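Residue numbering begins at 1 within each chain, and the chains themselves are lettered A, B and C in the order written.
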Amino acid sequence: MLRFTLRRLALMPLLLWGIVTIAFFLSRSVSDNPLATIVGERNLGNPEVVAAATARWGLDKSLPEQYWLYLTNLLHGDLGTSFRTKSAVLSDLGTRLPATAELALFALVIALVIGTLLGVVAARRKGGVVDGAVRVAALVGSSLPVFWVGLVFLFVFYATLGIAPSPGRLSARVIPPPDVTGLYTVDALLAGDWPLFVDAFEHLLMPAFIMSLALLGTVARLVRSQMLEEQGADYVRTARAKGMSRGQVLDRHVLKNAITPVVTLVGVSVGLLIMGAVLIETIFSWNGIGTYAVESSRALDFPAITGVCLVGGVLFLVGNLLTDVAYATIDPRVRLS
Amino acid sequence: MSSVRPSAPQRRRTAARAGVVVLAATALAACSSTGPATTDRTGIIIGRAMDVNSLDISRSLCDTCQIYNSAVYETLVRATPDGELDPLLAESWEANEDSTQFTFTLDPDAVFADGSPVEAKDVAWSWLRLQNLQGLPSYFMQGITGVEAPDERTVVVTSAAPNSAFLNITSASYMGIVNSDVAAENGATADADAATSDSAEQWFLANSAGSGQYVLDSYAEGSEIVLSANDQYWGEEPNFSSVTIKEVTDASAQLQQLQQGDIDLAMQISFDALDQIESDESLTTDVVPSYNFLYLALSPGVAGGEALQDVRVRNAIRMGIDYDTVIDATLAGNGERQSTGIPNGFEGAEDLPIPDFDPEGAKALLAEAGYPDGLTLDATYPTFSAYGVNSNTEMQSIQQSLAEAGVTLNLSPVDFSTWGDAIGTTGYPVTAIYFAPDHPDTIQYFQYFSLIDGSVWAGRARMPVNPEENTLVAQALAQSGDERTATYAQLGQLMYDDAIILPVVNPKYILASSADLEGNNYDITRNLDLTRLTFAD
Amino acid sequence: MTLIAGALPEASPLGTAPSQVPLDDERLPLRARLRRLARPQIVLGASVVLVWLLVIAFAGLLAPHDPFAASGGRLLPPSADHLFGTDSLGRDVFSRVLHGARLSLPVAAVAIVLAVLVGSLVGAVAGFFGGWVDAVLMRLADITMAFPSILLAMAVAAALGPGLTNAFLAITAVWWPIYARLVRGQILSIKEREHVLAARAIGMRRTAILRKHVLPHALTPVSVNATMDLGQIVILVASLSFLGLGALPPSPEWGAMITDGAANFYQWWIAAGPGIAMVSVVLAVNFLGDGLRDVFDVKNRGR
């Protein structure tokens, strides 16, 4: 087990190195003048900025040397300066990550809770209406373009019915909680400000729900199939023989065992959640990593794009590592290579 | 595998659990009726699509910058809505006979937000820095040879050539005065090499150093600018405890948020939504004429714009735009055609020719210029929503009508910052953008659009300077009254003949705000004058 | 277990009896195989896809108006003449949706075919040669897959500049590793089968074995997975356009049309038309793919 985890960990730097390498050559291939992708075209006329960037990234040196310097800078936590926001990419990412984390975590919780409920119901009525509906819902969930669904929800619930709050993380004029974790719901609770928590919570609901749609169906289907598998297991028959009611067995044992593998979905979902973040944040004026990625891409702000890819890659890899380890821990039948 | 049917009590229990979840959710929602702590209603929230290129007053040039600069900084004189000049930081001023020397006397009460007095040296430093940074707004200082501070309260400006427009120019928001001591401590400099040695732009993203009613509280790119009242303000107390300019990109999103009360004032409502606003009693609206305009700019000297070097091609493009249809598509008809880069209503614009849609004439001109089968041009423009006009709609409409005349436009919308970066360096053969006046004098349009030395668009279009225009601008600056108006008109005709700047529409403007906000306005120098806005009691 | 792609612990897909004979089994007569395909899910999906294929073929005839020119007033709500209303330039949204199908579907199809070709080639080489070739190629696939797909697609699209062609290049760049892994896995499992071993024993050349014995077996899982992915790619293309990194105006690409709709929020029909069209296509493709997956008992190893 330990050896397996260590091997996975050892692979991570390799993968991260690959990501930054691709990002480096992508940024160098865009323009004949690498300076333009580092400081922006407008600053090309500013010798001071140009000189600083040239020294920092070794642009007067050969490509391999530049690449080496780039890696060294990265290792020192220097992701460069975004020429769009004019501040360090690392600090930009730091201020925007909590907003995305809050949205994604919330979406994950919604997907797990509702998905499990649906899966359990579907398993209990195998072949029934709910079962069929869950199957269709799972397919529909992964077939919806989230940006369109976001618009539809905003039109119906915000603009027409007026029951959903405005896009954004808090209502107008609401003062954000003192910054501890950066997650408004958590910070509001830490500050003991219940109404503020409710406000932040309400703003999260709609975007997080839409984000969870892509994942919900997968969770439901996994829980369903696990439930069906567990029901045939020996211990269920033993428990029934000992006189436990069918309901008790289902509740106490089957559900618990069936849900455990769902944990492994959490890691896989990172990619889906990032995709959701990019599109949903754009529609819901959510000032997180997703909107940062979109704006940076539109502006060809390569230091920022690299930073976002790196963060996304790290999250993705950590998620998958956790999945592999969790899966191996939970299910001893999986032999680790 | 046998299917397991839950027993009746089992089902009830599940139902009960589901009920609890629903109840909890409802309870959460119900709690919200009390609402979280909010800032009281003394702060105003303004929704607009921001186009900020810098918050450094001497580097900035944008509509949002006008609002920001005039809220945080103050100019020496203030242009009233009818174009007169009122005192602001200067209590009095005078010009010599031939308009080559201007003397300002500062108000002794004026202080910066840190409590230090506004002195003549601050004025000299701010204006020299504006000039020496050689940035976008530096053209306001064109021709100025010296700014001196003989004593703490006196500023003397000298110009090599007569400059009868200078007093008007000083009312432009970019001519606001910066606290030189504070700015210099943070990397700003007014020295001749400021363009390369000044490193304060980043500092200005988080700080302001002015004497205005407000100070910068925070700026989050792509999200909001928050200003708070300046406790040290030396004049009349500000009307708001805070001013938030919130990024709301779409015109329709602005309308939604205004209707829901999330913003108090929306600056770029679309005319397509006018009925909806007018029928909403919680909102006030007014439609007013404006001096803004949207234009197509042709750059013959840019790679890909070679065909445009023939003025007949440029004229053909002007004739190929179906103005009425474009104005219909973008503003539901609420706009006027405009001759050249001088908006209707400004001195000298009265008798200039107004362009007409004439696809056949355009085709004939193109054939004459050697393009009997038409030609193809790349049009790259920023994605914007300005004055209610969506740039994608505008350009697609223009593309449609030009196709009739045989001109194929390949459209490519880009991000505003990308556009801002490229327009000054590589340039675009055809682009579209907009302009709002900075001060009450027509001279700004020649300095920005005509083919004279130092003109922004002469540079962007890579066009040679037209000596006649140079002479006429100098001449106008030495004139006054009807004489000057005649020269302005003559210059306007020359700009029209250049066919570099092709105005598409001079739009009407929708003032839209919540009904309890009074004094919503359209201001020549400030875009939106915050001092005239107030909440009704 | 593989590091990334194998992470989805999807147990046997719904409704599939484990004992089922694989459909590509040569022992099964053709008619029986076809009967297996006649599931309502597959029939429904296939019919909708067929309808859209017809639309693509005859969009010019089916569309009541010119998709690029104004036809009647601006911002008209849906009516008999304008089924999906008109947009801010007075163009018929319905006609634009039909013409948009000519962009969205073929672009997605080309992207997936390119991804399959590139991926299969890489996978085949890696699987067949093994050793360091395999290690290098598979690590490259790992790295590419470690980029969240949309971020890499956005970065590539931004670097190449906007435009539909660049959008599908970006998607190919993102999607090939899935097929590389798939084909490699197939080859590794088939390599040891009797007839392949026999073929080697009688001295057949590697490429011949690859062509005659290995690739035909890999075809089924690859095409089922490609069908499953097609829907995702339609959405990804539209997402890139929606973000302004794909189709350029006045293209009636569905994602770009939804952007127009977002700008005219209260004229809901502008975004409704292309949105409904997209959902119907993606849903149909996913129904089809899901059904095929069940029938062929192929495990999905998507992102």
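What to note about this one:
Basically, a contact is a pair of C-beta atoms (placed from the backbone, for glycine too) under 8 Å apart; a residue touches a chain by one contact, two chains touch by 3 or more.
This one's a predicted model, so the numbers in the text were calculated from it and none came from an experiment.
A comparison of the A-C and B-C interfaces places the larger number of contacting C-beta pairs at A-C.
Here the chain at the heart of the shown protein, by mean C-alpha position, is A. Centre to centre, using the average C-alpha position, subunit A and subunit B are separated by 38 Å.
A straight line joining the Cα centres of subunit A and subunit C is 23 Å long. With centres defined as mean CA coordinates, subunit C is found 45 Å away from subunit B. Contact of a single residue of subunit A with at least two other chains is seen at positions 159, 298, 300. Taken residue by residue, subunit C touches two or more other chains at 244, 262, 265-266, whereas all remaining positions touch fewer. In subunit B, the residues that touch at least two other chains are 253, 256, 415.
Remark: subunit B residues 250-253, 255-256, 270, 272-273, 276, 325, 328-329, 332, 383, 385, 390, 392-393, 395-397, 399-400, 410-413, 415 touch subunit C in the complex.
Considering their complex, residues 8, 11, 14-16, 18-19, 22-23, 26-27, 29-30, 135, 139-140, 142-145, 147-148, 151-152, 154-155, 159, 218, 221-222, 224-226, 229, 261, 264-265, 267-268, 270-272, 274-275, 278-279, 282-283, 293-294, 297-298, 300, 305, 308-309, 312-313, 315-317, 320, 323-324, 327-328, 331, 334, 336-337 of subunit A touch subunit C. Across the complex, subunit C meets subunit B through its residues 68-70, 74-75, 88-90, 162, 244, 248-250, 260, 262-267.
Per the touch definition, subunit A reaches subunit B in the complex via residues 40-42, 44-48, 84-87, 117, 121, 124-127, 158-159, 162, 166-168, 170-175, 188, 193-196, 198-199, 201-202, 228, 231-232, 245-247, 250, 285, 287, 291, 295, 298-301. Residue ranges of subunit C in contact with subunit A, taken from their complex: 1, 3-4, 7-12, 14, 139-140, 142-144, 146-152, 154-159, 231-232, 235, 238-239, 242-245, 255, 258, 261-262, 265-266, 268, 271-272, 275, 278-279, 282-283, 286-287, 290, 303.
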